[in-house]
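This structure is in structure tokens; I'll ask about it shortly.
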Amino acid sequence: MADEMKMGTYICTGCGIGDRLDASQMEMIATREGKATYAKTHDFLCSQAGVDMIQADIDAGEVSNAVIAACSRRAKNEAFNFQDIAVSRANLREGVIWVRPDTDEARETTQEMADDYIRMACFEAKHMHAPKPSDEQSLNKHLLVVGGGITGMTAALEAAKAGYPATIVEKTGQLGGMAGRLAKKIPTRSPYANPAETEVADLIAEIEANSNVTVCLNSTVAKTEGAPGRFDVEIATESGSTSTIQVGAVIQASGFKPYDANQLPEFAYGKTPDVVTQAELEDLVKAANGDAVKRPSDGKEISEVVFVQCAGQRSDKEGHLSYCSGFCCNASIKQAMYFKDANAGIDTTVIFTDLRTPGSGGEDFYRSGQQKGVVFTKGVVSEVEPGSDGHTVKFKDLILDEDTAIQADLVVLATGMLPNSGVDPYAAEKAAAAEEEEGEEADKGDVVATVDVESILNLDYRQGSDVPQLVHGFTDSHFICFPYETRRTGIYTAGPVRRPMDIAQAREDATGAAMKAIHAVENAGKGRAAHPRSGDLSYPTFRKEGCTQCKRCTVECPFGAINEDEERYPTFNESRCRRCGTCMGACPVRVISFENYSVDTVGAQIKNVDMPDEFDEKPRILVLACENDAYPALDMAGQNHIEYSAFVRVIPVRCLGSVNTIWVTDALNSGYDGVILMGCQKGDDYQCHFVKGSELAHTRMSKIDDTLQQLNLETERVMTYEVAITDVQRAPKLINEMAETIEKIGMSPFKF
Amino acid sequence: MATKEYSFYPGCSSQEGASSSNYLVSVESMCEELDVKLNTIPDWNCCSASIGYCGGGELPRLTLSARNLALSEEHNPGQDVVATCAACWLATRETAERLGEDDDLMAETNQALAEAGLTFKNENKIRHMVEVLIDDFGYEELGKHVKKPLEGIKIAGYVGCQTNRPFGIEGESFENPKYLDKLVETLGAEPVENYEKKVSCCGGALAFSEPEKSQALIKEIIESAYDGGADMIVTPCPVCQMNVEVYQDKINAKYGTKFHIPVTYYSTLMSVAYGRSAKDSALGGQIIRAKQLEDIANK
Amino acid sequence: MSDMNVAMVERYRNNFLKEVEHNVEEGDWVKMCMQCGVCSGSCPLGPYWDHPPQELFMMIRAGKREEVLTSTSMWMCTSCYNCIVRCPRELPITHIMHGLAHYAKRLGLAPKEQPTFKFSQHFWNNLVKKGRVNELKLGLSLYFMNGLVEGIKTSLNMAGIGLGMLKTKRMSPMEMIGGHSVKDTKGFHAMLKKAEEIEAARVEKYGKGS
Amino acid sequence: MTDIVATNQTILVVGGGISGITAALEAAETGKDVVLVEKRPFIGGRITQLYKYFPKLCFPTCGLEINQRRMKANANLSIVTMAEVTDIAGSTGDYTAIIKISPRYVNENCTGCGACADAVEAEFDNEFNYDMDKRKGAYLPYNMAHPQRYVLDPRVIGTADADKAKEACKYGAIDLDMQEETIELKAGAVVWATGWRPYDAGKIQPYGYDRIDNVITSVELERMMDPFGPTGGKLVRPSDGKEAKNVAFIQCAGSRDRNHLRHCSRICCMASLKQSTYIREKYSDDGQVTIYYIDIRAIDRFEDFYKKVQDDPKVKFVKSKVAKIEEDKASGNPVCHGVDTEGYNRYAEAHDLVVLAVGMEPSVDKDNFPVDIVINQDGFIEPDDANGGIFAAGSASDALDVNRAVQHATASALRAIQIVNRVAGTEG
């Protein structure tokens, strides 16, 4: 391959590049130092003529690896979109001329900057190959849906309607889940005035009639192995028999468990059958079968019903849920209507602190409840005192500002939802971290959620049996823009396992998850990456001879993509891989690489800048910038002509997690005076799209101080920052600060 | 333009010897100039304003206005009912709307009206005189009749409550209606821009029962007019006019202020601007004399 | 029911709310309030209300019958309609206040010394008599509504205003003798009587609720 | 631009905000042909004008960068900007859409160098910043605008500025003869993702947005926080540029109100909680926030964020719909009047700045909808079989936050795929 490589360098002189920089010098550098086969200059490279020129070379077999020295890699992508060749972009516009003053004094250092970027691009290109899918990919349009509740049924049906068969695995003996328990649901259509039919029966009928949906009742998932496009799922029935199916992707719709109201003795739950949860009231209504619900304790007529909102929720008390389950306000309105619609003479009072009925339908439903005579009282219930004939609900009326009480035949507790999310692979890790940080103070609300859990998916993954959880046990991704992205590729969670929600939302969520599952199988079938590098064909491979089986890569992969084979070598499961390169950054022996992104593509760039000697007073600063946030921020700094030091050389990286410390030590050894790593925010509100990349980089870099000390270098020479895409002014400032630091502490002694 | 005819509900305070009799005089002059014929509803009764509620329940009060409307339907068929008093307009229009929405109330009302030999069908629109001026004439047309522009007078347009809420004048906001300002401008005078208290309450009927509380409100209304540099205040409401005008001495005594600002009706301004005499414009009805208007009227 | 007063518990039944719905003008809107308080903040006499409208609505829901009906609060309404136009829930608050005041008066629970109570009643009596308001009589009856001595004081106090009105012919001593009137007083009175009967029957029928 | 090939297997996505982008990308990356039509000169929609997202306080452009990269890399997706769908005829699996494309006066040659903007002198109100500042007559709407291509304001056409712009461009990108075009596109299914607009605060008369300088809207505050926004990222008062340290937020400004929007706009509580952190971010302990609310609707995990803000001693919550705002003439301070309903406490609080948490109004007026579709009284599209192959996505369907809008749009992409797969006969 290497000997066939023909490298073409194309230098654009448009947008002022030609006016500010010496193009012929860059051509010379490209061919002489960068070892380009040839270099061409064009005054408008992104024009049709410019693009045609490059394409002609490609068509003629003149170029296999191209350097486009023009604007940023983020600009003019439509134009410079060449298939089947490796392309490196030297950012002469946003990265050089736009960040430098157009003055005589600046000319020399600006030119040096450009020259270096030509060298770097040439050496990057030299080590790149156009990525092609491996032959591991396979298309399997079959989906697995775990859970036969409203979410699972919806997901299976919606997928089937698009031509993707689905198998539902349901633990119990019937479909319907929690929704099947409901008498009616919160209305989902205008005018949002009355409780509506749950449509569970219709869905079940639809599923039975759909030949593309298979249902396994009384079944669980005993084992899931493989990767998107080629999952093998072992389904176990109650009787103990197992069968294995092959699926392309998985939707986990394992739903929720109702909160255990026994933890609410203050509300007399368990002390009298007249105190029930919302779910239990549904049972009572269903059992009454159209007749009036009677007082459970003695079968007497009910004349007063009190709904206690946020029962065991939105509370810091031990055993309570700290979050809001979101659906309960509307559910209480609906349930109050059960009574009001049957007999307007029954008093129904909802005691709430914040009535949460959002959206277009929510407010209408609230109004409809009021219209029907449901009384809403802003208050906090302190205690339910059981009586022989009715019970006393004591509360503080927050509007009238008084402690008072209300009599009730039936008290309904609006208790919350607990996600049925399986075993958190990182529970132990999190607990340890929490203990370290807070001691006793660890979030008590979460304790409830993690007692006695069984695995849902039984993933045969190195990093645990289930999808990682975010907070409170929910499998939320913490991405606002990409809500479905779990940390297990090709496995999507939907419904209340992901976030507390009602039926309408769960059905939307299920449909969305089905879309993502379909998206995953289609892309896995083509060997393409899933989010966030969707479409990327590159994938990691490793040099087995060099591997020490240290397991860093399998442990650090944020997506649990990497397993270990029998010989304890990593297996990358490319369709599980998100192509962030964290494994590459983790590898102490640097054997992991991608076709177009490797220790060499970056390392060669670092090594091939022209390093002035110590007395030139021209320090060199290396910036490794996350391509998603820091690099665009620097681009935009250029767009706005915000200047920064000409001594800096910026290399975009897929994720800070992919930064191998060797790059930093190499840089220092080869005479760089400073190194800056710019990654995304880490921690609870992480913004790293590879979840852990930035955090891992910070951890790794915290250990680099030792190396610096060994080299007798000041620790200030290496800085790791969290930089957001909006840090358009700050990122250049950080660079300039490093330049000042170097001025203060002096040049690196490692210049040869 | 052809003569415009309306069924007219003058209301108690406009009667001879009553508190806003001057309003009616100026309205009549204004209407003459605009070729408007007001056909008074024969034997109209009090609308009970918005203060009769202690003794009068909902149905009796609605019946009062329904009687006027029934009489209007009988004697001035097909004509929009026009009132000059804010309370009259409000009570009457409210009655028409409430009875229009509630068939039971409508039936009960007619049951009561039958005792007086009347039936209410709810056929006609109920309008305030200001609506007639703005919608049926428009500022441009109103401007054409100006013979003596009210030059050099700065006027605060005090809209008050009931001409403004809950119905208000179409296209105007509740918090910052601009029609009086536009009218003032049309007549050649200068409106007070951003008159802050233009829709503040003067206390209404509570000026009688809660004088101190009301006078505190009135004080702010006048103060704000002075702050805006006003020479006088103009209003479309008889209660507003009276409350803001007559208590100025009391307020001065209590707060040590030196209020002495004329409070006129829009019809007064129009009558003067349209060239009518001080008498026709009922300038004699000003307890605090509007000298600038007198000067123009006497020119 | 250990430490909690039985009456207090009883209070929170919806009985009074239902009574208000049936017997008070526009009372069926009370349940629609969402306690935003915009009415209370919008009232020009706001600071003088013991219980502003939104609180009255909550008190009605909480069954505080006596406290509501004996309150002076609704008598503070100036009928400025600020609350109505600002209410996000479309409650005709002004009318409900009038309705509550009237209902309190009907039940004999209204605070009889409340000046607006008196004025409002005088006003009604005055207009009912002849079908039109006699401003002079109304004014004088007002001045003397707190008794003779107070009345003389008030009259003297207000003399300046009266004089101004007289001078500008906006008040006429003639009103004392006859004054304006509808012609068909008989029909007028029969009509009002009928309306009152119908309304009384309606209230009677529901009573205080069950 | 007009040579887009569309068939009855094409999915037409109307609206290039976060919902439209999501639906378009999910479908395109699954192998479908997608045409995305956007009214503005760039895609991204409302989120581009936000400073941060709740509850993570992360930056919208971060996710947008990924989405833009996805778009640049996808050959199945065609984007048409400055275009509006004026009519859709036909039925499920066989629609014809009429699309009106306004002239940009800048063609694909544009390199984004900015020479035209340097040359043009005329300035206009900057709609991107809600008219709080000016922009040039030749402009890039904002830093990350995609496509990264300048726009000539139609108001400069025919003026000397237009010629200056043309002269300044070395790349033949300025085309002053560009005309409005109307094109017809076939589509099997349509995803309607036209999103929302902030409710017109001027209509909320008691709050005096149109009369009091220091009463602003929540969306304007987002722009002020942007270092490239109208105040250069400074949180200052419009009247006098004074630092706005004592800031009030008024919830339900136009929402849950029969005088305005009847529905709850869902996002505004969280938006104000989020914005309360802006004040603290800028002014630390000198910052003081008051939030006037009816109900704080911090649904599900958002409750954590609410708690965090509640724990901040500098943030005060008052259960009250503010009755009115008056301006204190001397200081320029807006004074909020109202009653704290928890225990009946009257207040008249002066603040440096009042922010109206304005509601979400559907972008397309329900009385002038170009498509025959079931719409509820609030103007949102309802899911209904009668809608055939036209599916709402995101806040065209309900008041939704970004997360829920994306979720909804992802679902809508599948619904559209179901239709085109049926047309293609591949639905199995």
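Quick notes on this structure:
In order of appearance the chains are A, B, C and D, and numbering begins at 1 in each one.
Keep this in mind: a contact is a pair of C-beta atoms (placed from the backbone, for glycine too) under 8 Å apart; a residue touches a chain by one contact, two chains touch by 3 or more.
The structure presented is a predicted model; accordingly, all values stated were derived computationally and were not measured.
Looking at chain A and chain C, the chains that touch each of them are D. Between B-D and B-C, more C-beta contact pairs are found at B-C.
When every chain is represented by the mean of its C-alpha atoms, the one lying closest to the mean of all protein C-alpha atoms is D. Comparing the CA-atom centres of all chains against that of chain A, the greatest distance is found for B.
Put simply, the C-alpha centre of chain A and that of chain B have 65 angstrom between them. Between the CA-based centres of chain B and chain D the separation comes to 45 Å, rounded to the whole angstrom.
Measuring from the averaged C-alpha position of chain B to that of chain C gives a distance of 23 Å.
A straight line joining the Cα centres of chain C and chain D is 49 Å long. Each of the following residues of chain C touches two or more other chains: 34-35, 54-55, 82, 85-86, 89.
The set of chain A residues that touch two or more partner chains comprises 355, 378, 399-400.
Residues of chain D found to touch two or more other chains are 206, 256, 319, 324, 341, 344. In terms of which chains touch, the assembly is arranged in some other way, matching none of the line, ring, star or all-to-all patterns. Pairwise chain contacts present here: A-C, A-D, B-C, B-D, C-D [touch as defined]. For chain C in complex with chain A, the touching residues are 1-2, 4, 8-14, 17, 31-32, 34-35, 54-55, 58-59, 61-62, 89. Of all residues in chain D, those touching chain C in their complex are 206, 252, 256-259, 294, 319-324, 337-341, 344, 346. Across the interface of their complex, chain C is touched by residues 304, 347, 349, 355, 366-367, 370-371, 373, 375-378, 385, 387, 392, 394, 397, 399-400, 404-407 of chain A. Contact residues of chain C toward chain B in the complex are 25, 44-45, 48, 76, 78-82, 84-86, 94, 98-99, 101-102, 105-106, 110, 115-121, 123-125, 127-128, 131-133, 135, 139, 142, 160-161, 164-165, 167-172, 174-175, 180, 182-184, 187-188, 190-196, 198-199. The residues of chain D lying in touch with chain A in their complex are 18, 25-26, 29-31, 51, 53, 55-67, 69-70, 72-74, 109, 111-114, 143-144, 148, 170-171, 226-228, 256, 262-264, 266, 295-304, 307, 319, 341-344, 376-378, 380, 382-384, 398-400, 402-404, 406-408, 410-411, 413-415, 417-418, 421, 426-428.
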